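What follows is subunit A paired twice: with subunit B in the first complex and subunit C in the second.
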Partner chain A sequence: MTGFLTRTRGKTRMDVTDILAFAWLILGTLVIAIPIGWAFLSSFKPEAEINSFPPTLMPRAAETLVIEGYDDPLPAYAWTDETGETRTVGLIRRIGLKATVVDPDTPGERLSVDAAAIEKRTEIRPEWSNYTDPLERFAFLTYLKNSVFVTVVATVMTLVLNSMAAFALSKYRFRGSTTIFVLMLSTLMLPLSVIMVPAFMVIVGLNLADNLWGVIFSTVATPTGVFLLRQYMLTIPDDLIEAARVDAASEFRIYWRIILPLSAPALAVLAIFSVIWRWNDFLWPLIVLSSPENYTLQLGLNAFQGQFTVQWHYILSMTVVALLPVTLIFLFLQRYITEGVASSGVK
Partner chain B sequence: MTATDDGYARTARAAPARPGARGDRLLEAVMALVEWPFTRLQRLIGLRRMPWVFVLPNMALFTIFVFIPVLLAIGYAFTGGTELLLWNRPYVGFENFSRLLSCGSYLDPATCELDLFWTAVFNTTWYTAFNATGTLVVSLVTALVLNRLTRGKAFFRAIFFYPVLLSPVVVALVWKWFLARNGLLNAVFADLMGDRVIFLLEVLWSRFWVVYVSIWFHMGFYTLIILAGLQAIPRDIYEAALIDGTSRWRQFWRLTLPLLMPNLLVVLVLLLIRSVQVFDEAWVLTDGGGPGTSNTFLVQFIYETAFATDVRLYGLASAASVLMGLALLVLTLVQLWLGKKAEN
Partner chain C sequence: MASIRMDGLTKAYGSVEVIHGVDLDIEEGEFVALVGPSGCGKSTMLRMIAGLESISRGEIAFDGAVVNDMTPSERGISMVFQSYALYPHLTVRKNLSFGLENLRMKRAEIDARVAEAARMLELDAYLDRKPKALSGGQRQRVAIGRAIVRHPKVFLFDEPLSNLDAKLRVQTRGEITRLHRQLGTTMIYVTHDQVEAMTMAGKIVVLNGGRVEQVGRPLDLFERPANLFVAGFIGSPRMNLYDGQITGIEGGMARIASPETGELLVPLGDAAAGREVKIGLRPSHFAVGPEAEGSPLMLDVDQVESLGHETYLHGRLNGSQGTTIVHVQNHLEASPGDRIPVRPREGHVHLFDAAGGQSLGRG
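Coming up: the complex of A and B.
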């Protein structure tokens, strides 16, 4: 029986490495999921609870009771009376060791009880104001708008410019085409940190400092994108192009109507990557953008957490906002991403 | 007869799709509009020059934002002062380099003229060593485990890859909260040890967590690359081993590891290259390299020397960039050489 249950392909029994492998997978999943899950749950907690220790798992908030004769809802308390019976009551006020409460069943009658005999009642309730406050009171809506703007415009430009260059480099032999390709490839490994200062000078020279376009223009001509698309376009047969030329199609028409639609899978992978890159960019925007109204979400989040270190309920909610688009993309398109990474080695 | 019926049915079914057809016509018009100037251009300059039209926009941006800065980078390293524009800066020769490299003893950053630079060099060295080996081991084990799964492979691969897609700021903040005074880890820690630890304010703990978070963040990427290498190993080799009755451990040490070695070496060098450039997540996690300068790395030194002080020392920062660039160049050449060797 056990033999039947544990039988896997080609093997007859579970050996110790199977158990170790399984343990590794479970452990890895927990190590990855717990910090993110914890930040997610905490982002719904009210400020008071964020700062309490030991922490509770779920976001909880004080329960309230609406009692006849009282304008505002009263905080709900569990009251254990002398007989050991527990009732839910509304707290009117607490002075020293005594508390004045009211039973919702007998709204007219005020009871004076021992403060030690009552305990605050809480319920699981997400604190949505953690999410709405930063958007209204702080500049997070601006940061969000800037991030969306940079991400969308840069991705569209990346797709258009990179695919045009890839088309020329894959479907034509012209003077200098190899040189251009090799030059681009050689910068694949070139890190931003090496050219930080001169790149900033170029930005200042073009009057693009502290301007979102400065971030956009400098990131769209990605060598990775050109490389990825070129390799894909090489697999498209040239006969199609020849046939189109016989039909008197212009070169741009060939690119626009034949090559681009056929490159859709590669374009999709590049689009996904570009969105993730631009949404997550940090060091370069940090150098280019200096005034808070131009900050992207990542910069705004970093500045906010440096300034208001105790406002974790806001920091966490905005962290969740920052990871949400990437997470959604991942949930729906993860197959393209992992396959794209595995086949091209880009990140 | 049937054919006509069928034709009728199809027309009838196609009828409600009219708005879509109108959309198609609109798209057609837009596409024709985009095409028009390029077609005119081609008539003007001829087919043979068209490829240049296609590469030009991309090349122009690339030249402005990558090639020119690369050429200027070396120029900056030999100039002084605080002017940003290169032509306004006085030539100082090797002064920036000699300032960076002047030390009483190279083993003790405190004896150096720029002790922060040498602290950063030391920190980057230990970070690179621990991060590269740690990530390599964790990724290798994960790839091996994933490779033998028959079911659920895509699911677990996705889980391990997910953190790679997050932004450095998000990763740093998620972990900062996890390690906070009121965080989850301290709840466990206080329960077991009786006392809380402020992890990110203690030198050794903070260094441990910087490396740990970095492995957590990036290991999924390297796992995918190693996994691709594992899948490239032909199956029949293992079948032969199975017939011989070779044990699993022996299979790993004698078959898998040697066959995977070229792939692992490339991954290791890639890891070294990326580790040397550590900045974003470590900087946010440790509030700018703290406690003190325990987690101040090279890129942070360059960034802060050039952009985050009142006196912006672009020349000094560029000299440090050039030194780092040289180290990276050596590593890249090693990688290319290894890649070539792996191909043969």
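Coming up: the complex of A and C.
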């Protein structure tokens, strides 16, 4: 690992290209990683802390003191008195330039001090309620279940459907195969916003509005997937298919037993893409789904964003939760992604 | 086992015809080699027999039953591909049993057949390996094994040895002929290498440009090539060919003159004087040195290739331009620049029509 990371283009010394390459890579990493890191750290901050200026890095919360004679814990402050000695005191109230504090050692005595002489004491403390509150109050599990259902079913269907199309387009010679392929690819150039309305009308016509299947069906056939798999399958020698035909295999068996296993790297890439697409999908589920019990996680997150207030602490914490599955999948399958992308010749 | 009959077999891609009406009979249990230069249509023909390529016109019959519209498995053939086409994701055992599983054979029967093929081809130790972990020769044997387990009526080989090194090729050649003796199955073997065809086949079909040039036993093709193409294709090094003309007929013997070979007398019944001919002399059909003492033919030696037990002389006959190759048994002491007397051996002079190329006879 270190050997890989410190590999240089020059024999022993750092070359100028090495410096440029590392600078570029570090910059790219920072650009990608900083927002994620900020979101992660901020998801543990109390609501007020997120909006505080100057922004803080770590999630901090005010320290409190439990002092005899006071029902609630008092916020802890550091007080520097006239002699320059610093003591921890509990703040009772602050009015104008004066503050009333109490020393925990002498709970009966109230001191009136300069407001400028005291400073709030904070400690690094994650705000777990950001995570636990939404899990309790907000139908997180329903959204999670819907998201998992959409992602898994859509991915399985994407793999099956697209690999069948790719098999036909790569291994059968028939009149119009190129036309079909080009037509399929040309749909890549149509953004969702163009076909949104007609696609929605089809879903309504099929009685699938506000139904998870309505989200699934319209996304399973992806030209990107067909293209990726077709390019990969073109590299599988035709001899194998002919050998299987001589071996009395039916066309479906050739697809199932020969083509699919040999396309595993490309299928893994498509599976990862599909999981990421479906998991992060927002606009299309937003259009199709209307009742909250059908919401996916991404739609659920949107509920924290009202017309007048945005509950950033909940949005951030639930975003971190929503990121986890995709991150885990990527961690485990990244070898296949790089292999598959490299071997299918698609970038 | 099956006999195969081809009748006017034609293959066309659009308007381009690549096989022009081939008629061929292959008997039950025969080992037939389809041989020809690349692009002669031999592989296409094999694939048509296999059922991997459609038949444009004509028909193929196995044991008298037309199989034109049958799938490869219905025809009961198995095929060894040039690339072996082993399933890379399956173990050797799975590679062998895949075809049997497709036929919904019983597990016990499958295991027995795989074991039998593995024993026959000495693959027992590799059954659980993937093809990637095998050497070229082992892969080749797996490919043959995959063909054997199905107990096919006809074995088809598409240049199976071209990916092996020279030593392994000789060894595998022997194994395939042994297999043929053992199984007695009809085998059709495609190759561009005439040595393979000569050493293995019981019958050779020489193809050129989608047409059959000659069919016959290996030795027949060598000794009595039907035309210039076969004469040039069969035999290594190739036959020396010279332009000549029939200058006269004397008592059933044609007198032939050529700048290279001088005058030759060949028994030729119906030749007409003045006819342009090609004279063919195989390198091994020359008497050289002391044996040819007194011959008017002289070879100007340009190059000597001595292999110890045999010698090839490259040179020019009678000061002409074209190269002549002469093969001598045993070592012959000669060096470039020598002039050595040579004489064509009687009975081994081939004559071909210069225009059409067909054989006129031998003498």
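In this section, the second predicted complex is superposed on the first by the 211 of 347 C-alpha atoms of A that agree within 3 Å, B and C clash if a C-alpha of one lies under 4 Å from a C-alpha of the other, contacts with A are read in each partner's own complex, and residues count from 1 in each chain.
Heads up, the rule we're going with is that a residue touches a chain if its C-beta (ideal position, glycine included) is under 8 Å from a C-beta of that chain, and two chains touch if they have at least 3 such contacts.
Treat the numbers as computed from the prediction; the structure is a model and nothing was measured.
By the touch criterion defined above, A:Ala248 reaches subunit C but does not reach subunit B. In the superposition on chain A, A:Ala117 contacts neither subunit B nor subunit C. When the shared chain is aligned, subunit B comes close enough to touch A:Thr187, but subunit C does not. By the touch criterion defined above, A:Ala268 reaches neither subunit B nor subunit C.
Contact with subunit C, but none with subunit B, is seen for A:Ile258 once the two complexes are overlaid on the shared chain.
Judged by the touch definition given at the top, the superposed model places A:Asp239 against subunit C, while subunit B stays out of reach.
Of the two partner chains placed by superposition, only subunit B is touched by A:Ala21; subunit C is not. When both complexes are overlaid on chain A, the residue A:Val156 reaches neither subunit B nor subunit C.
Set side by side, subunit B and subunit C differ in how many residues of subunit A they touch, and the one touching more is B. Residues common to the contacts of subunit A with subunit B and with subunit C across the two structures: 250, 253, 257. Interface residues of subunit A facing subunit B in the complex, by the touch rule stated above, are 8-10, 15, 17, 21, 24-25, 28-29, 31-36, 38-39, 42, 50-55, 161-162, 164-165, 167-169, 172, 174, 177, 180, 183-184, 187, 189-191, 193-202, 204-206, 217-218, 220-221, 223, 226, 250-253, 255-257, 276, 279-280, 282-283, 286-287, 298, 301-302, 305-306, 312, 315-316, 319, 322-323, 326-327, 329-330, 334-335, 337-338, 341-343, 345, 347.
Of all residues in subunit C, only 50, 52, 71-73, 77-79, 81-83, 85-89, 98-99, 102-103, 146, 150 touch subunit A in the complex they form.
Residues of subunit B that touch subunit A in their complex: 31, 34-35, 38-39, 42, 47-48, 50-52, 54-55, 57-59, 61-62, 64-73, 75-76, 84-86, 141-142, 144-145, 148-150, 154, 156-170, 173-178, 180-184, 186-187, 190-191, 196, 216, 221, 224-225, 227-228, 242, 248, 273, 277, 279-280, 284, 287, 298-299, 302-303, 306-307, 314, 317-318, 321-322, 324-325, 328, 332, 335.
Residue ranges on subunit A touching subunit C, taken from their complex, read 237, 239-240, 242-250, 253, 257-258, 261-262.
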